[in-house]
Each structure stands twice: as C-alpha cells, then as structure tokens.
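These are the structures, in structure tokens.
Across the two complexes that follow, chain A remains constant while its partner is chain B and subsequently chain C.
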Partner chain A sequence: MSELMTLARKELLDVRRDRVVWIVMAALGIAIVLSVVVASLDFRAQMADYNAYVAQVKASGSGVTPQAPQLFPLQLLRGGMEYVEVLGALFAVVLGYGSVAKERARGTVDLLLTRARSGMSILGGKLLGLGIVWAVVSLALVVVSLASVAVIGAAHIGLHEVARMLLAGAAAWVYVMFWTAIALALTTVTKHSTPALFGLLVAWLVVVLIIPQIGDTMDPDNQVPGGLFNALAIAKPDEQAVLAHFTSFESGRNALEVSSVSKLYERVTFALLGIKNTYTGQSLAFVWDGTFRNIYGAVGATLAAFALAIGAGRRVHTLRRSA
Partner chain B sequence: MTTTAIGTHLLTHRYGSHAALSDLTLDIREGEIFGLLGHNGAGKTTTVSVLTTLLRPSEGTATVAGYDVKREPRKVRAAIGYLPENVTFYNDLTTAENLSFFAELSGLRKPGARISEVLEFVGFTGHDRERVGTFSKGMRQRVGLAQALLHRPEVLFLDEPTSGLDPEGVRALRELIVRINDEWGTTIFMNTHLLSEVTKTCTSIGILRSGRLVHHGSLADTVGAFPTDDALERAYFASAESDAA
Partner chain C sequence: MSGVLTAARHELLTSARAKSPYMLVAAFLGMVAASTFIGWRTTVTVSAIYDRVVADGLTTQPNPFTDVSALYYVRNTVIYVLLIGSLMAAALGVQSALRDRKASTAALVLTRPVSERAVRAGRLLGIGAILAILVVVTSVVTWVSVGAIVGHALTATQTLEVASFGALTWVLLMGFAAVGVASGMVFPRERTALLAPVVLWAVIAFVIPQLGTAARPVSLLNPVPLPAQGSGAFGWLSQIMAPFSITEHFKTASAALLESPYTGSAVASAAVVALFTLIALAAALVVRAARIEGGSHE
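This part shows the complex of A and B:
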C-alpha cells in the first residue's frame, strides 16, 4: 500500500505542477457556471412571458390564471452536466493519456521498473493518484454547481439539493474514472503514444457523441422539439398505450443507449437532479428504482476499466525507450 | 575470499529471432569495478537491462547480489542501484522531490537525511529545491548517481555514465565512481565504449562483440599482455580480430 501511495503522491505532484491541467479544470468549472447563467436567463424569459400572458388574461377580464412555470433549482444544471458528460470525458482521456505518454517521452520508466514492485503497481499508483485528482475536481464542481444555482439562479439550496448534488458528483467521478482508466490502459499497451491518442479520441467520439445521438434520434418523443406527445397534447396513459406497440423497437434503442457509458451516466445524473421530467420532485428511492440498472452498468464498466488499466501494467515495458 | 556479486551462465537474450546477447558467462567478484566494453549495438545495454531485471533472459541464468534475476527480481531490485544512459527525471519536480520519490519506492522512510548525505557525496548540495528540468546533462548525471545510491545498493549499474559529458564532467564522475567503490565497497558494473574510461576506473573488464563475450579478465592482466601506452586499445582490437577469425 505504501508503494501505491508513493506512486500516487508523485502523480498528484506532477498534476499540481502542470498548468494545462489547471486551465482545463478551470474551463470545466467556467462551462458549468455559463450553463447555469444561460438556464437562469431562459427561466427568467419564461417567467417574463408567463407574467405578460397573465397580464393579458387579466386585462381581458378572464378569471382563469394558468399555472406558473416551476423552478426546480437543480434543473438549471442540465447544460453543466452535459459539459461534464462530453468535456469531462475528453479531459479524463487527456489526463490518463498524458500521465503515461509523459512517462514514455521522458524515459523515466527504466528507473521506475528498477524500484517498483511491478508494472501493475506503477499503473495502480497512477490510477490512485488520478482518482484523488478527480475526486477533488468532482467535489470542486459540486461546490461550483451549487454556488452557481444559488447565486445566479437565485434558488434556495437546502440539504436535499446538496445531497443530490453530492451523489451527482460521485456519479461524475465514476464516469471520468472510466475514461481515465481506459486511457491509461490503451496508452500503456500500445507501442507508441500517438496511435493510442487517436484510438482514444475515436472511442470518445463513438461512446460520448455518436451512440447517444443515435439513441436520441431514434426516440419517437424526440422527433419534434419539446416532445412529440407533448406537441400533439397526448396524455401520458395514451402515450404509454401507443409506445406499448413499439416494445421491440424501444428495447433495441435502449440496448444501443446502455452500450454507452456516457448515456448511463447521463440517465443517472438527470434522474438525481430531476432534470428528466419522470424524476422531477421524486424521492431518491424512486430515482434508485428507476436507475439502479444504469448505476450497476456504469460502476461495472468503471471497475472493468480499472482491471484493464492495472492489467496493462504487465505490458509496462512498452513504455521503455528501447522497447 | 570474496564472493560473486554478479554471475551469469550462458545468458542469452533475443529480440524476436535476433540474439542481442549470446551465452554470456561472467563472474564479477564483490568490490570490483567491472567495465563492459563494446561497439555500439554490441549488447552492452541489453546485458545491463537483463541484470537489472528490466528484461527477462531468454535462456541461461544470472544472479546479482546472490539473487536470481528470473526468480527473485524484487530482491535483485532492492540490492541494486541503476544509472541509465541519458538519465531522465520528472522535470517539474525538484531534486529533493525526485530523490524522495525514488527513495520511498526503495522502501526508505523519511529519507531526508539520506538525501542530504548522498547529495553531499556527489557534490550537489544547494540544488535540492531547484527543478530538475533546468539542469544541464552533467547536473542531471549527478542527481542520477545520487538516486542510484539512495538505498545503499550492493551493486551499482552504470550504463554509459560519461556519455555526453564535457571533459570536466567526465573527470568528476570518474572520481565519484572510484570513491563509491573505495568508501562504500560497492561493486560497480559499468558499460562504456570509451577505452580510456575503463583504464582509469575499472579493475576488471569484459569485451563484448555482437552479443558475445570475447574477453574477460582483470585490467592488469589485459593490459599486461600488451605492454605499450595504448595497451587496452590493442587488447580490444586483438579480441575483435580473434573473434572475427
């Protein structure tokens, strides 16, 4: 354990001294803040439209007042969570790749291998170090998110919101660690760093962007902005009755979506924060019932990625300059 | 009566079908400074890589400090210090941080005092808070030697230690190598293609050509066979010619 901690501490020190890492993490924080700003402005615009409409209704002498738009504070984080899903994964790939590629470029592996117990412990130390980095970053993003919602969105933040946001932070950690571990593994097992980076970027493109996009496009409800059933004013029971005729299609679409760890992360986070309508205002027990398969899937994928990364330590000799 | 510090028997290493090292049999006694001579690509670095457990031998056996490189690699690593050719460190970390990292990897707890001691020994005090990335080749070589000595190794492996150094740096490093051997009794295995280095520092030599050991003996015996100023050079080329024949 002490060897792992020594290797992890070195990794932390290395990351702390890397200005690029600071810039990238700050960019992620700024993206979240900006997304809350945009969501808040959007909500204010909705309220202004509503108030104008109510004023018109009152002026016309009608006594019917439509329901005001509801603000569920954590829904303001929709864009921020999408940034974590897309950019967080990309930064995790870069961080994991850089950790191994720098070792290869500097030629420090020979010294490591004549000291450390094994290549697996070297990779384990890197994983632990980067895990701590991401834990700190995830916690910082939770604080930034809550502060943005409270200050910019002028929303009340209670214990309930803090707990949900902490769970969303944990989900983000599991998600970015998946990508970090995959990057560590692939960069270690390939003989040269450039093809590894290319492979990782292709994987990121497919898993983060292409598969979820295909899944979304196949969703019948997404064929019209704002939702097909909503646009046609179809009630929920009727919607479910219609969808019952498309179970095979829906199973296929679901299988495609859950093959992407990004979609699993999105489903869990959107449910936790009440961004997806089904879960808005629902208890955590309800969220668990609806998403536990996705949680198992995401955690399982990340554990498998950890195993791959540590197992890649057997091939750590590929990082030697003479290899 | 000294014991064997490094022993190999028919040691072979192949990269695919190419044998970089063939049937190497060596016996280096404790306290020796052994110089392995050879042209570029002769197999010197492969030999050091196998003996430092960086490469697994394809055939044959090797022991370092009494431990088998195949079966007891961790014990071998604990007993050796290693200075690779073109030693590199974590450039964004300071000298002290780099050394502390490698010391802790070697199992040293609170290595501060030991780091100061080795830095003083290699004549590099006052640079412990500077980042290694700012150092010249000669300075990095001293830090490299310091890291190799941190855990008081029984055997020290130096791969082309004077490569790329200026004449002053070469002399300073040569003196350090002799001092390490004199004061701490460390067995030293040094790869080089510079005959003058061997003459000035080593007590025994081996000559490697195309992966095969063509000469092994004490420096005195080798030089004695050619009683001229360029004795070692003559010995080297004589070995090469007899091998070619």
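This part shows the complex of A and C:
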C-alpha cells in the first residue's frame, strides 16, 4: 500500500507542477459558470416575455392567465453538465495520456521500477494519484456549480440541492476516471505515444460526440425546429401511443445510445439534477428506479477500464526508451 | 516558388507515410458515407410516424417531409464535417508542424536555400492538397449514396450544390489545419499542441453559439436549425458573438447549398468562414516557432 501511495504522491506532484492541467480545469469551471449565466439570462427572458403577455391579457380584460415559468435551480446546470460530458472526458484523456507519455519521453520507467515491484504497481499508483486529482476537481466543480446557481441564478440552495449535486459530482468522478483509465491503458500498450494520442482522440470523438449525436439525430421529435409532435399539435399521451408502434426503431436507437458511457453519465446526471422533466421534483428513490441500469453500466465500464489500466502494467516495458 | 512546391511534395509524402492520422481519416470518411443512410432511415421512420398520426386522426397538419429535396439526406454530413473533419484537419496541421522537430530534421531543412516561411507555405499547400482529395472522395460518396437512395442520378443543379458544399468544406478544413500548424509551432509538447486546437474548436462550436442563442451545447450538434433568440440580453449577445460563430456560419451556408431550411444570409456566412480561414492561414505563416529542435518534450 505504501508503494502505491508513494507512486500516487509522485503523480500528484507532477500534476501540481503541470500548468496545462490547471489551465484546462479552470477552463472547465469557466464553461460551467458561463452556462449558468446563459441559462439564468434565458429564464429571465422567459419571465419578461411571460410578464409582458400577462399585462396584455389583463389589459384586454380577460381573466385567464397561463402558468408562469417555474425555476428549478439545478436545471440551470444542464449546459454545465454537458460541458463535463464533452470537455471533462477530453481533459481526462489528456491527463491520462500525459501521465504515461511523459515517462516514455523522459525514459524514467527504469527509475520508477527501482521503487515499485511491477509495472502494474506503477499503473495502479498513477490511477490512484489521478483518482485523487479528479476527486478534488469534481468537488471543486460541485462548489463552483452550486455557487454559480446561488449567485448568478439567484436561487435558494438547500440541503436537497447540495446532496443531489454531490451525487452528480460522484457520477462525474466515475465518468472522468473511465476516460483517464482508458488513456493510461492505451498509452501504455502502444509502442509510441503519438498513435495512442490519435487513438484516444478518435475514441473520444466516437463515444462522446458521434454515438450520442446519431442517437439524438434519429430521435423522431428532433426532426423539425421546436419538435415534430409540437409541430403536429399532438399531446404527450398520444405521442407515446403513436411511438408504441415503432418500438424496434426506438429500441435500436436506445441501444446505440447506451453503448456510449457518455450517454449513461448524461442520463444519470440529468435525472439526479431533475433536468429531465420526468425526474423534476422526484425523490432519489424514484431516480434510482429510473436509472439504476445506467448507473450499473457506467460503474461497470469504469471498473473494466481500471482493470485494463492496471493490466496494461504488464506491458510497461513499452515505455522504455529502447523499446 | 520551387522551395514551396518541394515542401508541398514532401508534406504529401510524409503525410501518406504517417499512419496515426489514418484513424481520423477513416472515421471521417466512414461517417460521411454512413450519414446519408442515417438521414434516409430516420426520414422513412418519421414519415411512417406521420402516416400513423394521420390514420389515428390526431392531426390535420401537412407532412413536413413531403417536399424535401434529395439533398435533405446529406444534412448530417455537415455535422460530421464540423465534428470529425475539423479535428482531423487540425491534427494533420499539428503533425505537420511537429514532424521536423520530432525527427530532428528542422536544422537540416533550413540548410537549404529556402526560408522558413516558404517551407510552412509549402506544408500548408501539401495539407490543402490532401484535404482536397478527401473532400473530393466524400463528395463522390455523397453523390453516389444519395443517388442510390432516391433511385436516380442527382440533377446538374444538385451536383453543383454538392460540389459547392465540398468547396466550402475544404475552406473550413483549411482554416482548422492552419490553426493546427500554428499550434504545433507555438506549443513545445505534442499533447498541448493537439489539445489547443481541440479546445479552440470546442469554444467555437459550443461556447460562442451558446452565448448567442442560449442553446444547450450538445443540441448544437443537431442539423435542425435552432429557434432564433432575439429577446433580452441575447439580442445584443448574439450580435457580438455572430462573427465568431464560425461553425454556425458553416451550418447556415451549408444548409443553403444543400436545400435545407436556414436563417440569415448564406453569402455572409460563407464569407465569415472564408475570413476565418484567411486569418488562420496568416497566423500559421507568421507565428514564431517556440523551438525547432529537441523532440516533443512530453
């Protein structure tokens, strides 16, 4: 254990000295804050439109007013969570890749092996060190998210919101650790760092952007601006009754989506924060019932990635300069 | 001039030999080929949904897909150009800029009677030729696949529109390739050199349009145009951000070329994309290299 901790401490020291890591983490925080600003402005614009409409209705003498837009504070974080999904994964890949590529470039693996019993210990130490880094970053993002919702969104933050945001932070940790572990594994098993970097970039593109994009594009309701069923003036129960006739298409689309760990993370986070309407204002038990398969999927994928990363330690000889 | 052409030939040769970017090229070509099928399959299903809705007597609205053009099936290609093509171009640019440093041949190249700027111009010319070949391949694939789906060859006008879309794609990709070259010159580490254009791309594709439209980031990857946001702070924010929304301008100009609905001026949007590329090319030519020797220092 002390061997792992020594290697993890070395990793933490390396990350602390790496300015790029801090710049990209700051960029992620700024993106989250900006998205809360945009969501808050959007809500205020909706309220202004609503108030203007109500004033018109009152002036016309009608007593019927529509329901006012309701603010669910954590829904302001939708854009921020999407940034974690897209940019967080990219930064996790870069962090994992850099952690191994630097040892190859500096030829320091033999030196590390004087302290560790095996390559698996080295990879295990790196995983532990980067796990601590991401835990700190995830916690910082939780604080930034809650602070920006409270300050910019002028929303009340209670224990309920803090608890859900902490769970979302845990989900983010599992998600970025999946990508970090994949990056550690792939960079270790390839003979040279450049092909690993390109392979990781392609994996990121496919899993984070392309698969969810195909699923989103194939959604029948996403075919016209404002939604197909809205355009056809069809109520939600009727929409569901119609879609019941197209279950094979919807099942195929769903299977495609859940093959992406990014989509699993998105579904869990959106449910926890009540961003998806089905889960807005619902209890955590209800969220668990609706998302436990996605949670099992994401955690299982991350554990498998951990096993891959540690197993890649058997090929640590590829990091030697002579290799 | 011969120095520029020699550098361009060298770029073509070394890019063909470098295996790493092939993965990105394969992903780009594969998704462009698949995009027409995805567009067709979705449209068939949505039309069946509409027929079911009408049969159940739930709507009297007209079918929104009755008179769509054959090029409607290509609209996903626009997104794959933005997603994969631009990152592929940036990666090619980064690799080009780093190649001599990694192989420790930069000093050797500069012993020849040719300026560093001419070498860079030649490299950009070489990358331009590679991207042109890829764009021609994707245009042919698009033309054939749409023709196969609709059951007849595209008309001369539609063929010209596909070719114009290819030209616009090439302009955009050259811009990102130039950003990649500039990044490779400025950053000593390979991972930082590759990360910088990807982050810039993310800012252009997600952050800037979000500030102007309040759209959530991932929805910007849907080819369906977003409802305009003209009220409140978004009115002036969208005005300020408009010149920097390169990817949104590309989507607008492409939609006009591919007979899809769009808002705004297609000509102005195409001009913004071209201006972005010109600025990026100028930056790639004039930026000072951080170092020309010493590997990539991971």
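We adopt the following convention: the second predicted complex is superposed on the first by the 317 of 323 C-alpha atoms of A that agree within 3 Å, B and C clash if a C-alpha of one lies under 4 Å from a C-alpha of the other, contacts with A are read in each partner's own complex, and residues count from 1 in each chain.
As a convention for this text, contacts are C-beta pairs under 8 Å (C-beta built on N, C-alpha and C of every residue); 3 or more make two chains touch, one makes a residue touch a chain.
Remember, predicted model here, so these are calculated numbers, not experimental data.
Measured by the number of chain A residues touched, the leading partner among chain B and chain C is C.
In the superposed model, A:Met218 lies in contact with chain C only, and not with chain B. In the superposition on chain A, A:Asp289 contacts neither chain B nor chain C. Contact with chain C, but none with chain B, is seen for A:Val242 once the two complexes are overlaid on the shared chain. In the superposition on chain A, contact of A:Ala116 is made with chain B only, not with chain C. Contacts of A:Ala31 after superposition on the shared chain: chain C is touched, whereas chain B is not.
Touch criterion met: A:Gly79 reaches chain C, while chain B stays clear of it. Applying the stated touch rule to the two superposed structures, the overlap between the chain B and chain C interfaces on chain A comprises residues 106. Those residues of chain A that touch chain B in the complex are listed here as 2-3, 6-7, 9-10, 13-14, 17-18, 106-108, 110-117, 317, 320, 322.
Note for the complex: chain B touches chain A at residues 45, 49, 52-55, 74, 77, 80, 82, 84, 86-93, 97, 101-102, 104-106, 147. Only residues 20, 24, 27, 31, 34-35, 38-39, 41-42, 44-45, 48-49, 78-79, 82-83, 85-87, 90, 94, 97-98, 101-102, 104-106, 193-195, 197-199, 201-202, 205-206, 209-210, 212-214, 216-218, 220, 222-226, 228, 231-234, 238, 241-243, 245-246, 249 of chain A touch chain C when the two sit together in their complex. Looking at the complex, you find that chain C touches chain A at residues 19-21, 23-24, 27, 31, 38, 41-43, 45-46, 48-50, 52-53, 56, 58-59, 61, 64-65, 76, 79-80, 83-84, 87, 91, 95, 189-192, 194-195, 198-199, 202, 206-207, 210-211, 214, 216-219, 221-227, 229, 231-234, 261, 295-298.
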